[in-house]
């Protein structure tokens, strides 16, 4: 079976499993909400500062949430050793990663878009005029988070203290995503919104670099 | 005997470098004596990066060949790199305080170095959390590869961020205002630091090789 | 459940070494399992049985040496597509139904008409009525049946079993023994690791004992199947 068809089949399985229980989505959404509320106590959310700090806080919240959401990714495949079943069934192990990172990107994107109106209300920032651009930067940022996160989740699943380990490994690695996404989002939410093409380019480069690295080394991550 | 000779050479080189930094390099009009710490600061930064690059190569070679010596080299180079990176992070504030009156500026290079430091601390932490030696070698090598691939992205994104939010720059833009003689001293200092790096690397490597052998023997005894 | 290949493959292990950080799990193991043979692997925990089977299945890479599969005509074939592997972990998803699991793995492996094949196998293992129940709700015996159904999706010529009877009640073991017998009689090449004598071990046509990663006894060289299996826990 080809890489594409295997990926699609596995993606279907990931989505079906999640939408049946919705546990990842609900916990992630609630977590981000908690972070957003807590952040509001650290500065004056009604002032002009809100616009400037808002985008950074939003992405910080996404990063923290993602580092928690990505933990079960490979941990759940240790249950009943389904990872071995997958390795035996697919022709290219990269399909396993592609499916998982695609699913994770979708879940992240979904939670981000669901929370966007809440964020806009809480911090009084206008999002409608730049919505399509926001979707683009959310997508590119989430993709980067997912690629790195899925890879690292395969690593941390095999170590001790995995709950603490994944954020520890992932957050420094994702610094470029935080920087670029915050800049682009900040520019879009500015009084005079504009598109930061350099930032978008950066995100695309990050995504490409990490996807390539994962493609080159992924099978070793799954080795027994 | 050879070892003692090498140590003597390194001490001599460092001594010569220090002498050059204090007495040969011309005085900077504005900053006086303190700027001389630049020779230590920048040379350490370059040496640290060199060590991390060696670690990256060792990581790739381990994943490819699976010989323990590459893992020993990888961890030795990472630790050595961390030592030099720590020097960079310490000398930064030492320079900044007399000149700017503040301990930390979010200077692009210094901030990037901090993230770099965190990445390799995570690398070492990961190793302590995996017991089986082959697993540990493989997983940490893979993380090391992702970490190093991230380094240019970290430096690039933070430098771009600084163009959006100007911060005080420690030690001036690269290439601005440095006397040619200063360059010569700097390169000599770097050469001396590389010699020191090689010495530290070699000692650490031998230590790791011994640890590896001891661990193998211990495990063999446990089984018997 | 007839094996696909008219002549099920021969399995050849050539000088297999497997090291984990300086410790040998397998030490220069060379072995040939003839087409249609049903081999029982005995040995203490840690003797290397599981490692050998997982290498044959393609899940573990040997440190040196290789495994090859060939048909009677001498052509070599790719292992992963032909060796079915059943361990004591079920290797199916608890959060999916029995049918969903089988259809998933059938589609991944490129089975033509996956839904039909899944249905076929569910009938064979006697789980058709429970096909829409989540595997999470199944008993240990039922989960083992799903595991076997998953392994048989491609109608393999080789079956690798790693202590498949673990955790099964006498009824479950009887069913398993019956299944193994049918596969053996249909001519499937089989390699199974076992713990001591049981209904299943009596089906073997050949037995081997592993100790500290090496083969120490083989019915081919004289020992009887009973004696090999009786010494398992010595």
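A, B and C are the chain letters, set down in written order, and residue numbers restart from 1 in every chain.
Please note the rule applied: a contact is a pair of C-beta atoms (placed from the backbone, for glycine too) under 8 Å apart; a residue touches a chain by one contact, two chains touch by 3 or more.
Everything quoted here is computed from the prediction, not taken from an experiment.
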Need the most distant chain from chain B, centre defined as the mean of C-alpha atoms. C
Ranking chains by how close their C-alpha centroid sits to the total C-alpha centroid puts first chain A
Sort out for me whether A-B or A-C is joined by the greater number of C-beta contact pairs. A-B
In whole angstrom, how far does the Cα centroid of chain B sit from the Cα centroid of chain C? 51
Distance between the centres, which are taken as Cα means, of chain C and chain A, whole angstrom: 39
Counting only Cα atoms for the centres, state how far chain A is from chain B in Å. 31
Could you list the positions in chain A whose residues touch two or more of the other chains? 223
For chain B, give me the residues that contact two or more of the other chains. none
Chain A touches which residues of chain B in the complex? 63, 115, 118-119, 122, 125-126, 129-131, 135, 138-139, 142-143, 145-147, 149-150, 153-154, 156-158, 160-161, 164
Complex contact set, residues of chain C against chain B: 19-23, 46
The residues of chain A that touch chain B in their complex are 148, 151-152, 155, 158-161, 165, 168-169, 172-173, 175-176, 179-180, 183, 198-199, 202, 205-206, 209-210, 213, 217, 220-221, 223
Under the stated contact criterion, what part of chain B meets chain C in this complex? 132-134, 215-216, 219-220, 223
Listed in rising order, the residues of chain A that touch chain C in the complex are 1, 6, 9-10, 13, 16-17, 20-21, 79-82, 84-90, 223-224
